[in-house]
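So, here come the structures, one by one.
Each of the next two complexes has subunit A plus one more chain, namely subunit B in the first and subunit C in the second.
Presenting the complex of A and B:
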């Protein structure tokens, strides 16, 4: 088992990073009825861990016995019948799913599947905990229509069912949903916190950590605890005992993007654009989300760019990121950004060097 | 063909023959060939009265008119005994009436006709064993005069033409009726098989042909039975093989090839396969004769000749229009012309049977009035294949200089935004002809457009990319909405297609000089498929690894876990590589069925 899973805190009391949030949530769950919750924050900050801990707090250890189910749902939509395949993770008291996996049919997931789950109210002998918890991941990736349906579902079934929503950016969740939930912002852990966690794991595993090594991992991790722990483990596999200047393996997709960036800087032509497209396809095939590709690409390009172009390039990156979100096929917009950058940069080169 | 039918129609047809032979200077010496000439006509005509009641149920306007004409014809031929030989000729369908009788009446290219004629002549004159093959394959679109050519050549050579036509289809009701009376159903293929067997065993001995004519005979196979499915196709192939191998009579097999636009249709594929198998059976060593659509001018010539003979005063522009809209289909053109001349007033007077066509000639303006209204109702719509249309868009052919005059400065365009006029029809019209769906069109353009940009023009690349992005936005606007938005969606679709196409045309300011390009299938489709399956795979592997204790969304897995797992070599050796070569995606690609057309060449585009 990976260390990320092995040392994941199971209860609210065990939580190390967001102790204050955890304590508040504990109070909320034990003392009164829990409202709908919306967790948002950068990836690797511990949203999922918190959610699982809350569920544990609510239902006791039975919530930890989960099973993975890959079910096909038949949804009647107007005159057609649609088959939707969706993976769910469920225990007796909670169901976790990722509605945005259904792509543009996410609306049906929200309307039908959640409705059906919310209807099946678990019967408790005491008649006390008569509600189910639905955990929805990546709510910010839901389409507008799906978010509207979600709002209605929330109101209609609020007596039987609590929704816990989880997303990276609350700005992509509609106001209507945000106002119906208790918003909990989970900020990324600081580097000191990450170092603390790494040292905790090191102690449990019985490892000698040279001074400064954990700090370097924390620095490289971009304040993502998950990545920090994962690269910590990778380092352990690569070389042990640690040396303080040991290299930390980079993410391959990040390297790939920086390769693309240097390709773009070297030549600006339709032919090169085509080569870039093929490389972008490679990334997309490996499920790297296009937004992250764009962000990372911009980051890499900015590193190499003259100061006076930075503003314009950022503007266009934002512009195409927005269009990517509105559009259907990300590659069209990613490529448009690359083409625009090439065009700007070429004009700049001609203006500067003649 | 049942015998009963033959008897019924025989009388009327003979009459028609005779009237025609009196019309044209039909030499008596060839009368021996006129009798068998009636044969194909008979079989064709017999379809009409035999199935009028059932077919007219389809209530296609055109059919109604056709059958009305035929009924009229029937009625007239019924009472012809009373009226005698003085009956007028114009009640017949013009297509039949003006069927070419002589070689020089054919609208087909002279060289083609000569080629076919020569082939038959050689085979009829010299000894049987001299030629290895006795089968000629004639291909061409509908209505270019394939059968007419064979007919005329046969009569010219004084040969007896015996024809295989697929029998009339049996309707379900008929079938039910038949099965109660104990008649078994036989498929057309069965009948064709029988026919071929007979021919190969006994030669051609139709009962009604006198023995002298036996020396020179031509077999014409016009209508191959429609096959559905592999098994039937195999049988048909086998049949044809036997035919090709065994026949001693010069045989012409006609293939009608439908437009490329219908290439989704499987019959086309079957036909190609049949042609290939015929060739391999040694159908004819010389390349098969392919008839092209008849030229605009010769259609016009024929039409005006008919007009002269019918004494209808049809304006030249009208004839031009009909000829243009027929798309090289002479049969279509003639029927259109007849339809055009069949004005209500004309109909009425026809039923009054007042044989004074001069009466209408005095009102040419009336023709003009109807002209505008009726001109839209006939002719066939031209279709383009998707690839042809894409080729047009991508090559972006423009006039060399701006011939359009700027009238006034209300449409003043900045110089860098102005483009030379397009050397094609409006892009929307082309889209319409190609039945282009917005999404695939955008995908195809996106995939291929960069090949057509000049190397320096990165700015153009950006313009094109941003327009394609606009098209994508339009397409995404109402995605997944309910059916009630259909209308909106249609408008959006056409708008998106238009934006994509015009964006490509506009953006490609410095197109490469035309050269050969293969059009690729969008790689994007494959990427989407495999990315989806990869995602599932990843999520599943993640669940397995964490023993179901925790879950993560696909993003986190892709970004954080997968690289790590690769480093660790955790059971998932080379996760990326294995995922890409997924078997599933290949299946899907096969289904898309577009591969065969990938090598659509530039030359073909140039030809048009």
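Presenting the complex of A and C:
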């Protein structure tokens, strides 16, 4: 088992990073007056962990026995039938799903499947009123229509169904949904907090950590706890006992992008552009999301550029990322950004050095 | 075993005024409507104003006071944006309801029960123009037995022919004082402790929207228990603390790109919603004294573009960075246009 999973806190009491949030949530759950919840924050900040801990708190250990189901739903949409494939993760009291997986058909998932799930009351042996929990991931990727359909469902079935929504950026969730939920902001852990967690894991594993080593991992992790723990484990596999100047291996795709960055700084020509395209394809084929590639490329370029150019380059990065979102094929826009950068840089070089 | 769930009513519903005279801060409307209650005569009405000022509340209250619980179901039709309101509904459902004849005035159980029905169209500005056009004739034909109440945020989205058939009432945003009164009333009822500072924070973050204020109050009460501080309220509302916005703004003034970039990174890591950031930055810039009008205009132009991009789903970090860099260029009088466009 990976350390990330092994040391994932199971209950609200075990949580180390967001203790204040966890305590408040605990109060909320024990008071039995739980509203719909919306968690938002950057990735690797612990949203999922918190959600699972809450569910455990609500339903006890039975919530940990989950089964993965891959079902095909037949949905009637107007005159035709659509088959929707959806993977759900469910226990007796909660169902977790990722509605945006259905792409542009997400509206049907919300209108049919979620409604169906919300409608069915959980059966309780004692005949009491119970409720169940639906966890929806990545709600920010839902289309507008799907979000509008969701708001009716949220109100109508709120007596026996609670929704827990999880997303990265709450600006992409409509105001109507946000105002119906209790919004919980989960911030990325600070570097000190990451160090504390790493030291905790080290102690449990019986490892000797040289001073400053954990801090270096934390610094490289971009404030993502998951990434810090993963690279901590990588280091452990690579070389143990740790030495204080041991290098922390960067992600291979990051290295690859930094290569691209230095490539386009060196030479600006159609030939080089062609070579870069192959490399970008390589990254896309390996499932690195295009916006991450663009962001990382910008990061690498900003490190090397002169101050006058930075403004311009970051403007174009934002411009092409926006277009990428509207368009279909990411590679066009990535390449356009590279070409734009080349032309800017070349013009800059000619202007300065003649 | 599934835990037991107490049915909890949102406070917004719980404390919704039941009578027209309880509606706060809208004297004009209240005066006209109390008159209506006495004479049982009323024109078509159009209520408009920002959210949370009591438009729906007023419409529902007058309908209840006119007809009482018994007749309410048969005399009032309520449609809002979540119901289908295409042109077909206007042609069938609304027209059918409007066409029903009703008996003459009789006093039933102390309610005036005037001889007409009321159709309340909530969020009327989201109706299509075609649907609104289809309503014109219906309104006139059945004006003997039916009154229409339109409720909307933006009167400009109601077509002129409809607007001219109605008596218009503007609902103004609630003043801080009246808002505080209502909030204090709720606090008393619910047994909450709210200090002076928290109270003023609440009225400032809700910006005259009473519904939003009450929702924040309830969320905070659920999370933090009966004594609520102003930090708790800010945390619940999703408003970004003023220091963070100021830090970004002063980083822009400083003119150092790398420092500003770091600030942007920090904001993203803290998980603040960028759309909120943009609107707070906008407020700060508009009010700033040491920024010239031209600079303001440049910054606002970029803010608008970034906002549109965010709606399209663009990446938050890149957009905020772009805004920051543009703001910096405007504030430090760097060349605005790129030389190699």
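Quick notes
Keep in mind that, in the parts below, the second predicted complex is superposed on the first by the 344 of 354 C-alpha atoms of A that agree within 3 Å, B and C clash if a C-alpha of one lies under 4 Å from a C-alpha of the other, contacts with A are read in each partner's own complex, and residues count from 1 in each chain.
Rule of thumb we're sticking to: contacts are C-beta pairs under 8 Å (C-beta built on N, C-alpha and C of every residue); 3 or more make two chains touch, one makes a residue touch a chain.
Remember, predicted model here, so these are calculated numbers, not experimental data.
With subunit A as the common reference, subunit B sits beside subunit C without any clash. By the document's definition of touching, both partners, subunit B and subunit C, reach A:326. By the document's definition of touching, of the two partners only subunit B reaches A:105; subunit C does not. In the superposition on chain A, A:269 contacts subunit B only, with no contact to subunit C. Looking at the shared chain after the overlay, A:40 reaches subunit C, while subunit B stays out of its contact range. Legend: residue contacts after superposition of the two complexes on their common chain; A:208 is shown touching neither subunit B nor subunit C. In the superposed model, A:48 makes contact with subunit B only, not with subunit C. Chain centres taken from Cα atoms put the angle at subunit A, between subunit B and subunit C, at 90 degrees to the nearest 10. In the superposed model, A:172 makes contact with subunit C only, not with subunit B.
In the superposed model, A:251 lies in contact with subunit B only, and not with subunit C. In the superposition on chain A, A:72 makes contact with neither subunit B nor subunit C.
Taking all C-alpha atoms of subunit B against all those of subunit C in the superposed arrangement, the shortest distance found is 10 Å.
On subunit A, the patch touched by subunit B and the patch touched by subunit C overlap at residues 326, 343.
Those residues of subunit C lying in contact with subunit A across their complex are 1-8, 82, 212, 215, 219, 222-225, 235-236, 238, 257, 261, 268-276, 306, 309-310, 312-319, 321-322, 325-326, 328-329, 334, 338-340. Against subunit C, in their complex, subunit A makes its touches with residues 24, 27-28, 31-35, 40-42, 45, 58-59, 93, 122, 124-126, 128-132, 151-152, 159-160, 169-172, 178-179, 182-183, 185-188, 222-223, 291, 294-295, 298, 302, 307, 310-312, 314-315, 317-319, 321-322, 325-326, 343-344, 347-348, 351. Against subunit B, the residues of subunit A that register as touching in their complex are 1-2, 5, 8, 43-44, 48-49, 52, 64, 66-68, 77-79, 87, 89, 96, 98, 101, 104-105, 107, 137-138, 143, 145, 224, 226-227, 230-231, 233-234, 237-238, 249, 251-253, 268-271, 273-274, 277-278, 281, 284-289, 292, 320, 323, 326-329, 331-333, 335-336, 339-340, 342-343, 346. Residue ranges on subunit B touching subunit A, taken from their complex, read 442-443, 446, 450-451, 453-462, 464-466, 468-469, 472-473, 475-476, 479-483, 523-524, 527, 530-531, 534-536, 538-540, 543, 545-564, 566-568, 576, 579-580.
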